[in-house]
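Just below sit the structures, each encoded as structure tokens.
In the two complexes that follow, chain A is the common piece, with chain B as its partner first and chain C second.
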Partner chain A sequence: MYRLKRIVTSKLFVTLIWILGLIIIWEVCASVVESTKRTPENILPHLSGIVDSIFSDRKVNGSQTAFQMVLDNAGATLSRAGIGFLIGTLCGFVLALLMNLSGIAEKIAFPYLMLIQMIPILGMAPIINAITGDIAKSRIIIAAILTFYPVATNTLAGFKSVEREKHELMYSYAANKLQIYIKTLIPSCIPYFFTGLKISAPMAITASILVDTLQGGIGLGCLLSQSLKGAMTRYVFWQIVFFSAFIGIMSFCLMGIIEKALTPYKNNRKTRKRV
Partner chain B sequence: MKTYGTKLKKLTSAIYPIAFGVLIFIMWQTQLLHKLLNTDVYILPLPSRIAEIISDNSSKIMENVISTVEVAIPGLILGSVLGYLIAIIAALFKTYGSGGLTVISAFNAVPIVALAPVITNWTKDVSPEASVRSFAAKVIVVTIMCTASMSVNAYRGLTELKPFSEDLMKSYACGKGKTLLKLRLPNSVPYIFTALRVSVPSSVISTLVAEYFAEYITGVGRQIRENILTAQYATAWAYIVVACLIGIIMYILLILAESIFLKNRRQVLSIK
Partner chain C sequence: MSEMLKNNDVEIMLKDIGMVYQADGKDVTALTNVSIDIHKGEFISLLGPSGCGKTTLLRIIADLLHPTSGEILVGGSTPKEARLKQRYGIVFQSAVLYDWRTVKKNVMLPLEIMHVKKEERVKRAMKMLELVGLTDFADSYPRQLSGGMQQRVGIARALAIKPEILLMDEPFSALDEFTREKLHEDLLRIWRKTNKTIVFVTHNIQESVFLSDRICVLSPHPGRLSAVIDVDLPRPRTAELKNTREFTELVAKVRNSFEGV
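And then the complex of A and B:
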């Protein structure tokens, strides 16, 4: 009995129940839609239909099946999002470092970091496209900008969170600035840094897809708008919706995994606490 | 002496960013920025030109601003209220509640671009009027975007109590309902503002994106896109500036509200 209770209240089980519940709701709604609408796949297809379309080998555009096409385009979109994400992360981290090193840099940059959050970067996508003149470049830039500020603000907060005692200890060790950064400041800002990464990873992907929709070519966003216009089966659209949701969530999880791998000592402490 | 020092500090922390802003502005107006970015005044119009367009088209811009704000604010309120209710339910039934929140917070990672067209399809039957239909679609998108951040933050506010305060409620023999009303709800107020700080800017941005995909052509976001498509970059820039202003003004209002609502709490903190 106790065992059963433990399984029922375990986190994995609860999450599974929730996902199952959502699937049931989806299917009920889909059945309702199916019986009332002429083209149910435009509104809410059955999940089985979407899964079928993934595994069906009917060629959509002459040479590729729907899923192959989605994967192909996803590769292009993801690589751009990834490059932008890396650039943004690097810039964000360096800026946070600079801001922590020099009071003047912090005073100059901090209000603008706050301001940049208000600017609808996604709305500026077309402009950046026009400035760079190259759609691939502008996708990378926008993903980088969106990644940049969560990383910068969170990392800076991490630097600031170091306790006074630690600074005093390093002072008593006669540590120089480089040693202070390597031994105390950078290790202790890592959790904050990853909080920033977790926020910005899905954002970079969203940005990359959105910018795709502005201009043709290869990319998930282009495929999405083509499918919406009726150029190919609607199931391509649904596959993209689920795929982008999936990679959005996966990118978030991936950051968590990398964080755990980089800071094994944190895990140990936690498990020790639990015992 | 000390007050002089803090005053000087305050002054410099205002001067540096302003100087930087002025520098950028001058570089922009004198076209130095254009050389750096390797572009021309056509794509990146001068600030004076943008200001001119805003003042010339103020009535039309106002119309679009109202239509955007009309979507962003109801969406923000609906999403926040919904998120808060979800958080209360989750806090009352903790085992299943927190699991549900994990699933909801996964929605945060779902790109809005994926949501917007789906919801446009869903609202096809709401009304024969295209404007009403796309209004509903846009509000739903904004609501979904705001629900997740509010529910996750409010749940933390409702459950992360000081240990002794929960014991105190127990010693008063308070029931679940009374603890919720007297302890959990007040405790969650600062967390509500944390959530709003995220969701106010994101409500504006998701409104703009939802407008991209909406059927009915209206709103600041859609105007940016339409003007770009017709290669009227100066007008598009005017709308971008306006969009930034909407975001900034809403954020300032939020900060004001926060300073009013959290006034007493700050005092308690400073006494400590």
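And then the complex of A and C:
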């Protein structure tokens, strides 16, 4: 009985149930849509069709299969999102540092941060495109802008979370500012910093895809908008959707893995608490 | 001549210390007219209920607060100079350990800030851990330790910089009775071995009687020194002392010395 309970509550089991549930719902919906037959081509295909299309070797644009094409475009999107993400992370961290160092900097910068965050990306994209004059660059910048805010605010929260006693200890050791940051504040904010990264990594990718749809060229979003306009089969469309979701989740997981590697003290279950 | 000797013996001199701070636009007196001479190597307790200003007084000594009136000298210099010379070891109510550092590295932290050489750092940290009985846990992380053990690490860290004065702010109040009793004996052993001056803040009467040479009884509203009681119980002290008549009589005497609580 106890064992059964442990299996049922295990993470893997819960995940499997989730996936199974989603598949069932999908298939039911697909069948319903199929039976209504309102569109000549079923917009919600069965999952098997999508899986088939991934492994089919039918060339869709002369030289590539559908999946190869998705991979190619995903590569372009990912690299832009990745570069933007790195730039945004760096800027966000540095800004958090500056805001923590100076109350004036915080007061000045914070409203702008909020403002940037409130402008819709779709509104921002053409402006930035016009400024940079380069599609790829503008996409990187937009990914960076989106990354920037969660990283900056979370890191700042991390700096501020340090207990008063730790500051007092540092004070009693007569530590200088640099030592206080290196020994206490920066290590303390790492979990917060990663919270920011976990929010912004999928966002950078989603934003990158979204901005792609506005402009041409290579990228998952461009492919998506082409397939939406009927240039490609619905299977390609769904391949892109699934693949985008997949890399979004993977980017989140990757941040978790890096965090775990950097904070071994947090998941040390080898030795139990001793009295 | 004897007067001069006595003066030389004073490690911390507090004279007419007053502390007034503003809250909601009103002046609140946290401390008024507190004068104490704390001698070298003495174990002194600041005892009182919450709001009596005992922690404020400790923070004034530690240079974490500046008194609004009065004079304070630590080894003949100001608290700030004493702090910059790293003459204070501070232990807080919670251990305030660094999660990401092992026990050994926690103890080494102040030494890193003081630019002590690595070899010497490790040597000193291990010596301190031996003193508090945690040699086997040098490479554990704080979260793997019990509350009592964490507080021992805190004490080892405070001692690592070889301070002359150990300032302890209710260090055992979060621990259970059994752990606390064990740590009392350990603290007295460490004190005997290291000859530090210890200023110990507590609200526990028995604790203060058991540990101290002298108890400064502070009463609230406004925080003031209402009595200084000598504890002339023999040393070394063990837990059995708590069963003696002398001990209970002293506890009663201390309890009766509070005003307006």
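Methods note: the second predicted complex is superposed on the first by the 262 of 275 C-alpha atoms of A that agree within 3 Å, B and C clash if a C-alpha of one lies under 4 Å from a C-alpha of the other, contacts with A are read in each partner's own complex, and residues count from 1 in each chain.
Rule of thumb we're sticking to: contacts are C-beta pairs under 8 Å (C-beta built on N, C-alpha and C of every residue); 3 or more make two chains touch, one makes a residue touch a chain.
Keep in mind the model is a prediction, meaning the values are calculated, not measured.
*Asks:* Which of the two partners, first being chain B and second being chain C, lies in contact with A:209: first, second, both, or neither?
*Replies:* A:209: touches chain B, not chain C.
*Asks:* Is A:175 contacted by the first partner chain B, the second partner chain C, both or neither?
*Replies:* second
*Asks:* Which partner does A:43 reach: the first (chain B), the second (chain C), both, or neither?
*Replies:* So A:43 only meets chain B here.
*Asks:* For A:263, decide between first (touching chain B), second (touching chain C), both and neither.
*Replies:* second
*Asks:* Would you check which partner chain A:7 touches, where first means chain B only, second means chain C only, and both and neither mean what they say?
*Replies:* Touch partners of A:7: none, neither chain B nor chain C.
*Asks:* Can you tell me whether chain B or chain C touches more residues on chain A?
*Replies:* When the residues of chain A touched by each partner are counted, B comes out ahead.
*Asks:* Considering only the contact definition stated at the top, list the common interface residues of chain A for chain B and chain C.
*Replies:* none
*Asks:* Mind pulling up the chain B residues that touch chain A in the complex?
*Replies:* Spelled out, the residues of chain B in touch with chain A are 12-13, 16-17, 19-21, 37, 39, 43-44, 95-96, 98-100, 102-103, 106, 108-114, 117-118, 121-122, 124, 201, 204-205, 208-209, 212, 220-221, 224-225, 228, 233, 236-237, 240, 243-244, 247-248, 251.
*Asks:* So in the complex, which bits of chain A are touching chain C?
*Replies:* 163, 165-166, 168-175, 179, 183-184, 187, 190, 263, 265-266, 268, 271-275
*Asks:* For a test of understanding, state which residues of chain C touch chain A in their complex under the given definition.
*Replies:* Residue positions touching the partner: 62-64, 83-84, 86, 88, 90, 92, 94, 96, 98-101, 109-110, 112-114, 137, 140-141, 143-146, 148-149, 161.
*Asks:* Using the touch rule from the top, collect the residues of chain A that touch chain B in their complex.
*Replies:* It comes out as residues 9, 11, 14-15, 17-19, 22, 42-44, 104, 107-112, 115, 117-124, 126-127, 130-131, 202, 205-206, 209-210, 213-214, 221, 224, 228, 237, 240-241, 244-245, 248-249, 251-252.
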